[in-house]
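So the structure is just underneath, and the comments pick up after that.
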Amino acid sequence: MPELDPAAPVEPPLIPTTTLEPVDLVAAVEGPEPEAERAVRRGRLGIGGTAALFWLFLVVALALLAPVLPIDDPNTSIASIAKQGPGTEGHILGGDGLGRDVLSRVIWGSRATLLLAVSAVLLGLILGGALGLIAGYFRGRADTGLTGLFDVLLSFPQLILAVTLVTVFAGGGVSSTRRMIVLILALGVVSIPVLGRITRASTLSWCQREFVTASRAIGARNRSIIIGEVLPNVLPAMFSIALLGIAVVIVAEGGLSLLGVGIQLPTPSWGNMIAEGRSDLRDAPHIVMVPTVAIFLTVLALNYLGDIVRARFDVRESAL
Amino acid sequence: MRLLRNGRKHVAHAEAAIHPPTGRILLEVDDLATHFNTPRGTVKAVDGVSFTLDRGRTLGLVGESGCGKSVLSRSIMGLLPSRNVTRKGMISFDGNRLDQMGPAEMRSFWGTQLGMVFQDPMTSLNPVMRIGKQITESLDFHFDMDRSEAQETALALLKSVNIPEPARRLRQYPHELSGGMRQRVVIAVALACGPKLLFADEPTTALDVTVQAQILDLLRQQQRDREMAMVLVSHDLGVVAGHTDEIAVMYAGQIVEKAPTRSLFAKMRMPYTAALLQSIPRLENPSHTRLNVIAGRPPDLIDPPSGCRFAPRCPYAQDRCREEQPPLIESDDPGHVYRCWYPVGTEAGREALERNLAADVPQAQLAVAGDASVVTGDD
Amino acid sequence: MILRRLAHLVIVLFFVTLFVATLTAMLPGDPVDAIAGFASPEQKEALRQDLKLDDPVYVQYGRWVGNFVTGDLGNYYSVTGGRPVADRVKDALPVSLQLMLEAQILALVIAIPLGVFTAYRAGSRFDKGANATAFALLAIPNFAIALVLAYYVGVRFGWLPVSGYVKPSDDLVEHLRRMAMPAIALAVGQIAVYMRLLRSDMIATLQEDYILMAKSKGISPSHVLWRHALRPSSLTLLTVAGLNVGVLIGGAVIVEVIFSLPGIGTLLYEAIQARQYIALQSLVAIIAVGYVLINFLVDVLYAVLDPRIRHARA
């Protein structure tokens, strides 16, 4: 697989005005990408970016404020609204298979899902980032070893690895908390190689710059160089991948729930709402569709913002 | 119109001509302009070019990088991008108004009437397609030849461009051939369907010097055999010198001098042409002789200067040059036009140069530091 | 050069199998209890002897590898007795492979023309629309598409069956009818990726001189696009299509479960539900090893196909 190229950041091609060869002119007028992507490429927010940001703020705000919002208890069953669709009296998104208010569950569910996603990615960022920095800065055997570690971890299809870890360490009959912790650890471990690789590539590229050599020349200690000089420059790259990573973990949570090893019921999460609602798909599809739409919009917003951040800081395009 | 075996329609142009061919003139271009819309502004790559070309004759198109000569050939052929490009002016080829045709109509001209040879044989042949296929492709498309006939024609073509072991070459890929041979193949591909006019866009620039002469001779020979007209584009006056009937010098999107080849070298009028000739390094000069470059850079094509476009770099430039753009003036020699207020080799020109030298104008000094006789037009 | 890759492969396989082989040892508590908690103490003791769980780690590992490559994948343990895992795997593997292959083909068949046309008409409204759609589709999880399809196409309109599997050798039409929705669910995300990949490569290729040369020969635009431009642009696409198998595997597991297809994914799900750790171990091993091997093959293929890589190494 072609190795991530740690070359200098990519700049949009400047259009020369005077000595224009026909090929340059062609490139200048046709351009390699449509307008919308060019806006992203410049790193501006635009309409899409603002909408994405707005949605994310909304989701996070609702998640944080859930306990004080005027919504039903997510675990109370009201027989009369069981499997009733959206628009039911007093329950705007209807009720699920056990008569619990769907709106309330989807808001409370966002807490669990987001907690998992953010924690897992944070774990991956810290560990993966640290390892990536070390690998990129010190090179040599540390680099070979760490890259090898990343390779081995990446040799597993990510979902399979996560499922395996959760099943082994928090299989049946464990407490909610333990399942959650294991989930965070498992998904964190799965994200380490990806975040590690990106950080390493970014570190390699920044370490070639003069200011690092200059710091070394005046005798600064490695640790302070890494933390003081390299890390601040690598952070934007890591941040954009983190946004994309959160989206991936949200989706993964859905997958894990469908396989039976997601966030433990009765705590709602977007994933386990879908898993539970599957049996009622025929007569009450909204139980599945509401959390699905929530996931879709959130992932879309995260992807879009991740792209903008990446463009803003000129990070080379790379595959997750 | 014939319906080909493969369902494509082939329009034979002899019967579809709107106007009957007008005698000896094959190509007539009148006030052609090509503008590109870029985010920085409108680039006027070609800005009012007119000329005619007779059947079987060769026109050399010379100029620096970016003067618009390549864009000119592509404009005439119609090979420009479809969006953000405007082309104006009249182009008449063999009685047909090319400027009024869309891509679909032009396609029936490409290959069979008009051909093009590109600069870099490395990149103008498809790297993953066999040579034979690249030749027979157009034969099959235009003439609906069956395989054996197409193969034989391709073989004959390769022989005619002096490629050794042609049968073997047919099955090879471009990267298996040397640069010179590749260019011969490109010529064979372009000539496969017998076009009446060939645009050779810097055909030798990417080749070794030793091979350049061979390729140019080959082109000349093909021309004679096929009674084909040719437009030979180059930035190198030396290349054009021995292989053309007429030369047009371009600068900043316009023709600034045009003359039969001999007249141009004997009696050049435009200072730019003189400077071009002067900048060719000579073999007889001692080593470490400074290169006579033309000072300055070509003008901005988005917003060209109002007067003569060469004025900022011209050793002869006077105030009038900067204010008024000179039109193409006919000189006393037949077929020789130029665009200059103070041309080389005239009284007015000499005075202008002396005035500039006296005023310590840097371009003038630079020019004279070289071969003064060339600059002043004396032989 | 190939030797280096082989060495790399062996090392990776070693660590992967080591990890999987020690899974049961990582179970909290006594492995035997986890594997067959319902058994009587004598049965458990017999099982412990049978599995030789007291042997040193490297011996256990060696034995496990030996068993794995000879097809002994352990047993399912239930109250009614043990059954070899390999039996079920034999039937399940083809189903999963068919699903992934069909999904991949479907994705390519749709993505390639889309990629070609959006590249040809880069900047047009069609292009912008296609790109925006692709971006949106990338955000929809596999299972979401699967569920939406299952509900609307399967339940509401009843066009296609929502569950079950028929072997292609038995009845090709029914096979395709049952695989259609699962394959689509898997393919949608891939379509978006492949289309954009091909598009950007094509746009670069279309600016090459030889495309202009082909145009100048007077051949039709579709000829230029498909015969001249497509081949040089498709290398990255094919490589990514090969490497994407990993993504497909994860998605296939979920899709199989949703559509009740009797593949490896469903086996995995059942093993998880029933806490059949030995079976789980073997299934994960199959998936992981298969993934590694496929990646290796694609790597080698890439180096062979792309002359630039070959020349760079030479």
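Order as written gives the chain letters A, B and C; numbering starts at 1 within each chain.
As a working rule, a contact is a pair of C-beta atoms (placed from the backbone, for glycine too) under 8 Å apart; a residue touches a chain by one contact, two chains touch by 3 or more.
All values reported here derive from a predicted model rather than from experimental measurement.
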{"item": "Identity of the chain that, by mean CA position, is farthest from subunit A", "value": "B"}
{"item": "B-C compared against A-C, more contacting pairs", "value": "A-C"}
{"item": "Euclidean distance of C-alpha centroids - subunit B vs subunit C, Å", "value": "55"}
{"item": "Between subunit A and subunit C, centroid-to-centroid distance (C-alpha), Å", "value": "22"}
{"item": "Junction residues of subunit A, two or more chains touched", "value": "26, 30"}
{"item": "Sites on subunit B at which at least two other chains make contact", "value": "83"}
{"item": "Subunit C, residues touching no fewer than two other chains", "value": "123, 209"}
{"item": "Residue numbers on subunit B that touch subunit C, as the complex places them", "value": "8, 77, 79, 83, 103, 107-112, 114-116, 118-120, 123-129, 137-138, 141-142, 175, 186, 189-190, 192-193"}
{"item": "Residues of subunit C touching subunit B in the complex", "value": "123, 208-210, 212-221, 223, 227-228, 231-232, 307"}
{"item": "Interfacial residue positions of subunit C with respect to subunit A in the complex", "value": "8, 11-12, 15-16, 19-20, 23, 26-28, 34, 122-123, 127-128, 131-132, 135-136, 138-144, 147-148, 150-151, 155, 200, 203-204, 207, 209, 240, 243, 246-247, 249-251, 253-254, 257-258, 268-269, 272-273, 275, 277, 280, 284, 287-288, 291-292, 295, 299, 302"}
{"item": "Complex contact set, residues of subunit A against subunit C", "value": "1, 23, 26-27, 30-37, 148, 151-152, 155-160, 163-164, 167-169, 171-172, 247, 251, 254-255, 258-261, 274, 278, 281-282, 285, 288-289, 292, 295-296, 299-300, 303-304, 319"}
